[in-house]
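Shared between the two complexes below is subunit A, which has subunit B as its partner in the first and subunit C in the second.
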Partner chain A sequence: MPFTAKSGKFNASINTLTIGTGDKAITLGGENVLPFYTFDAPIENAPKVGIEITDGGMENEPECIQKCYEGCTTVVDMAKAAAAMEGVEFLSLRLEGGDPNGLNKSTEELVQIVKDVAAAVDLPLVVCGCKNVEKDAELLSKAAEALDGRNALLLAAKEENYKTVGAAAGLAYKQVVGAESSVDINLAKQLNVLLSQLGVNGQSIAMNIGTASAGYGFEYVISTMDRIKAAALSQNDATLQMPIITPVASEVWGVKEAVASEADMPEWGPAEERGIDMEIETAAADLVSGSNAVILRHPASVVTISKLIKELV
Partner chain B sequence: MGKFVTIGERLSTTAPAVNKAFTERDPQPIIARAKQQLDAGAVYLDVNIGPAESDGEDLMKWAVKLLQSEFNNVPLALDTSNMKAIEAGISVYDRTNGKPIVNSADAAGRIEYLDLAAANDAICIALCNGEGLAKDNDERMMYCQTLLERGMEHGMEAEDIWFDPLFLVVKGMQDKQMQILECIKMFSDMGLNSTGGLSNNSNGMPKLIRPIMDSALVAMAMMQGLTSAIVNPNDLRLMETIKSCDIFKGNTLYADSYLEI
Partner chain C sequence: MTLFDVVFKGNDAVYGLTEQAIDAAIEKHGADKAVAFPDTAYSLPCYYGVTGTKVGNLGELKTALGVVKTLMTRNPRLHDGFMSGIATALCAEFIEVLKYIDGAAPYEAPCYGHLADAVIRELGVPLVTGDIPGVAVILGAAPTAQEGVDLIKSYQAQGILVTLVGGIIDQCEELGYKTGANVRVIPLGKDVTAVIHVVSVAVRAALIFGNIQGGDAAGLMKYTFERVPAFVNAFAPLDEVIVACGAGAIALGFPVITNEETFRVPKSLIVQKDVSKFNATSLEARDIKIKITNIDIPVAFASAFEGEIIRRGDMQVEFDGSRVDCFELVQTKEASEIEDHKIEVFGPDIDEMPVGSKQSIGYIVEVAGKSMQTDFEPVFERKFHSYLNCVEGMMHTGQRDMIRIRLSKDTYNAGFRLKHIGEVLYAKVKSEFAAVVDKCQVKVYSIAEDCTKLRHELAIPAFDKRDERLTSLTDESVGVYYSCIMCQAFSPSHVCVVTPERLGLCGAVSWLDAKATNELDPQGPCQVITKEKIIDERIGEYEDVNDAVRKFSQGALDDVSLYSIIEKPMTSCGCFECICGIEPLSNGVCIANREYAGMTPIGMTFSELASMTGGGVQTPGFMGHGKHFISSKKFMKAEGGVARIVWMPKELKETVAERLNATAKELYNIDNFVDMIGDETVAEDPETLLAFLEEKGHPALTMEPMM
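Let's look at the complex of A and B:
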């Protein structure tokens, strides 16, 4: 009997989602096949790569990152430098200085940074909070207002603050709403349902389903992404067809394999190489499991992952 | 495995209000009943226009166009003993959200409904009975085989023939209930889709009892592999049971709001 190849194309697809405006706008999703299965059907929108900067101050960055931004004195300087780097398709600004248990910067101060960065770069913008749900509710709502017209992604609304963030970002200012759960497929779905019930258009939601650095419970991240894509495509579950964006950098650059100095761990080799390796490995695994965008920090990781995507799609 | 397919049964000439609306081509009562069913989660709507011997073609076209234009091309089951009316309905049917269902063929006088479905690339409900009720599952499976072969001879995919074991009324045929459930398992083991008028089981029971019996039966039938049923979607208990069973079967992914979507 002759072999007839069967297409693994689904009768459902991931939502198409645009972030940013104008020539630089990026489009995520739209595919009706598993990640990188271009042999089943063309993938129109390749996964996208963004770079992350923070307002947390250069002195808190790993040495190798500091080197990449030599000469930058403000967040705006960093934003301009990052936007010019090879392979960068969007800019992610993490407002970690807002953390009440850290620098505890005021919302006004942080929103001013958001405005300054937005004025300095024309790339699509992602604004990440400080991981404190109360502060983020206020911060991301004000950031949504400040970025009116930029079609930015606010990352993210969580179960605890989705009403505030969803109402400001999704309803009042028509930005893209990030829906963040922590490696819990049922909660990922529930949060999308709750945001939709609030009135947020499902077509304007991107999911951060939670992440980890490779080696740190990462297999749960992978299996969660696999199951989300399976439900979205094979069960045509509209509540899970939102594209996935994964902030890789904030996880990777916090684990000892990436940041321990060579002096402390001589047997592990050069710190910078290790950090980049961790970031690339984590991002590559996220992408093949279904991330439609990854956020990285080291310019060398951005270059490598961009090249990987170009080769595969 | 796909989600359980509910076919809303409330647009039927057996309801006097619907009969009157069909006869008078009065859209409002039809639209209102259709909306109630869709809001409650019905996937397909059954359009039962009765024998409709005189004006069936015109009536079915009118009903299909009315419902599909009003409700974003809702998929429909076309239910009448007038074959020409079914064909007429399909001629104006939009398939965006699913193939039309021909309701229904059997292994005796109505076997040509399968030919009709095949010729029109439709799904066909296939009742596993001949002249009169099957006496046991050997007979049911014989009809099943006849219907399957007939459909495939005419070019149908097996998945487009939805086998109906014929649910029987508990009051009077209680001893046959497990047979029906076993029959569903046989369909399922053969990889076949199945459906049926599930609420038949509770005919003649007090109003308060019926949703309880229907829900229990649908859960047992889904366990056996039933893939669809013709139901009253406005029976909340029944719909909640179906959604819950879909979760247990892995047909849908659980979320706390699963009953609301």
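Let's look at the complex of A and C:
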């Protein structure tokens, strides 16, 4: 009996979501097949790759990454350099200095950096908070105001602060709202529903379903992503059809495998190579599990992951 | 004169004034003269919101007035009254916009007049999040300046944004009361038409935040009614113009509260003679709930103190329900019977109680709310234990009329008194159950005779009634079941179907709990499951239940039965209190509870059974369940019910004995059924167990084979 291939194309699809404006704007989602299943149906919008810098500038970066930004002194310099790197399709600015338990930089100071970076690059922008829900509410609201007209992604609204972030980003300034939950399909769904009830258009939400570095409870991330994509496509669950964006960099560059120096761990080999490997492995797994965009830190990882995507889509 | 006549008359008067003003302006400036409010994208926001037309010049304004005229129909009907109110508001906007011709700045401090779009975006966020819980529009002069300022202060204390129009502005100045956007008190203007500037805020909120398109008048009114928590406080005397404006406010969903004896319209035009009660009346009318952020007690309140033990030597006083009469009770009341945040103490305070003494106490938390149900009372009450334990230096055990509370000397010395018990309960009930509790008051009784009387005449009958309700709740008597997917974080495909006679397998979620959880958190883990389409009554299978299980398990499960262990049994997450498994030799089942560490006649320990049963997969022959389910008439109903139970650990047997015996008596007319059930002292292997069962004449032996 001859083998007849059956198309695994679904009747439902992931939402199409545009971030940024003008020629450089990127579009996520739109597919009606499982990740990279281009043999079932064409995938119009390939997953996108972004690069991350922080408000801390050069001092904040591991040595190997500082090298890539040689000659830069300010965050704006770094933003410009990052925007010119191969494979970079959007820029993510992480405002980690705002953390009240860390440097506790003022909202005004950080929003000024956001404004300066926005003025310096025309790439689509993602602004990430400092992971403190109260500060993020304030920070991301003000960033939404400062980026009026840029169609930026504010990452992210969480269950504790979704009203403030959602209202400012999604309602007052019509930006794209990131919805962050912690590796649980029901929580992801609940947050999308709550944001929709607030009045935020479901078509302008991107999910961060929670992330981890490979090897650090990563199997939960993968299975959650799998299940979300399955519910979105096979069950046509509109509350889970938002594209997924995964901030890989901030997780990977915090684990010992990526940051321990070669002097401390000679048997692990060169530190830079390890960091890049961790980042590429994590991002590749996120992508095949359903991420529509990944945020990376090392320019070499960006190049490799872009190439991977190009080969597959 | 009817209310309609007053509205129509006021509307006509304002219309006349507006027409004159526009004509005069055209005469002076010409019809092409540009006209619009500054710093807004909507020109005349209210007119744009209602009609979708942006007025650009005086000529167009005159045309717009013609459109307004078409709203002014004169049938004595509600619709005509509302539309005339809207027409009056639009006229006010026209009059106000004329003041801004040629870039004039018609308002000077302290008045703001028109507010820019930027201000609305800024105010909009806290309004959406509820950080600004409401918007008060105070119109006219209060009976005295002090009363006016006190009212403003009361709103400020609640975080409500206050806007002022007319005489109240002068009254603030008279007393030197600080106003301004930074203190959330915004004087708009002294003419009554200035009220349009706050209406404009509401309209633009709908346009900006609600994505309402200009011209969608119905959508606009729906948005302002549902999402803009504004209300009007209009001081006497009210003239026709104010009443007509008020009709406009009501059309947008904003109730008007006044101290003038005038027409009353339920929920919309409310007469409250006592100005000091304007605040409470307004909040109730507009259904505004104030978030409670701090608990007013002299000691700390944190979960860190939950496990604190107060030793006898450190104890100031003890309330001990096992020795004297004590009780705690939640009661649902009508909203009119409750004054929110009223805490009353009847009897002597702790100061008058000898140190180290045992005293009586009774506290009743009375609640009211549109969505409140008496079924929630025990759910709230069960939380009191944790609330009171969180107080530094306070220990609470037990529930209902078997409570014991100890208060430490340190906490007493810090100033803690009986009313603070009320403060804690008030603050927690109001904040944690805000979805269903609109108003709450607490009564604390400390006289022994009162406690005895109330315990026997009020509390015990209430508890009995609840117990009766619980026993009368059957799977057949309720209209819906509930899902519970709280455990999906670690057991992704498991779904509990919670019914009155089959509580969640963790033992912690009864049907009433699930119902309350659903009401309090409509998007949460407990969702309503209908039970209209029965497939098989014997095993308890429903089409609706299957649909729900399929949905909530994301397609992992297709069908479950509620009452069978063999056919499509319900799945287990891993939190089961007990596991029940088939014991083939005796044709029955063995149950092991989590606490039991030994061997069962099935040949597996609890942990070994757990590894078979958990993970959200259907394992025919094994079932996880709560302890309470053991005595349910629905326990394995499809296979013959509780008569199948042949073995349980001794401790578990003792826990369930009384109720299980009652069930067996009712179902099979067997006395002392529990004595027929084996335990670890009888047997840990099937052969010995069988011999025991034969000796006792256990009913399972003669039942149909299970497999």
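The rule is simple: the second predicted complex is superposed on the first by the 311 of 313 C-alpha atoms of A that agree within 3 Å, B and C clash if a C-alpha of one lies under 4 Å from a C-alpha of the other, contacts with A are read in each partner's own complex, and residues count from 1 in each chain.
The rule is short, and it goes like this: a contact is a pair of C-beta atoms (placed from the backbone, for glycine too) under 8 Å apart; a residue touches a chain by one contact, two chains touch by 3 or more.
Note that this is a predicted model, so its numbers are computed, not measured.
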Superposed partners subunit B and subunit C on subunit A - clash or fit: clash
Which superposed partner A:Thr73 touches (first subunit B, second subunit C, both, neither): neither
Which superposed partner A:Gln235 touches (first subunit B, second subunit C, both, neither): both
Subunit B versus subunit C as contact partner of A:Asp184, first or second or both or neither: second
Touched partner set for A:Leu198, first subunit B, second subunit C, both or neither: second
Which of subunit B and subunit C A:Ser223 touches, first, second, both or neither: second
Partner chain in contact with A:Lys163 - subunit B first, subunit C second, else both or neither: second
Per-residue contact with subunit A, leading partner among subunit C and subunit B: C
Superposed model, subunit C segment overlapping subunit B, candidates 433-441, 541-549, 631-639 or 685-693: 541-549
Intersection of subunit A interface sets (partners subunit B, subunit C): 185-187, 190, 193-194, 197, 227, 231, 235
Of all residues in subunit A, those that touch subunit B in their complex: 185-187, 189-190, 193-194, 197, 227, 231, 235, 237, 239-240
Subunit A residues touching subunit C - in the complex, by the definition given at the top: 141, 145, 163-164, 166-168, 171-173, 184-187, 190, 193-194, 197-199, 201, 223, 227, 230-231, 234-235
In the complex, subunit C residues that touch subunit A: 121, 124-125, 128-131, 208-211, 227, 485, 488-489, 492, 523-525, 551, 554-555
Complex contacts: residues of subunit B adjacent to subunit A: 2-3, 251-257, 260-261
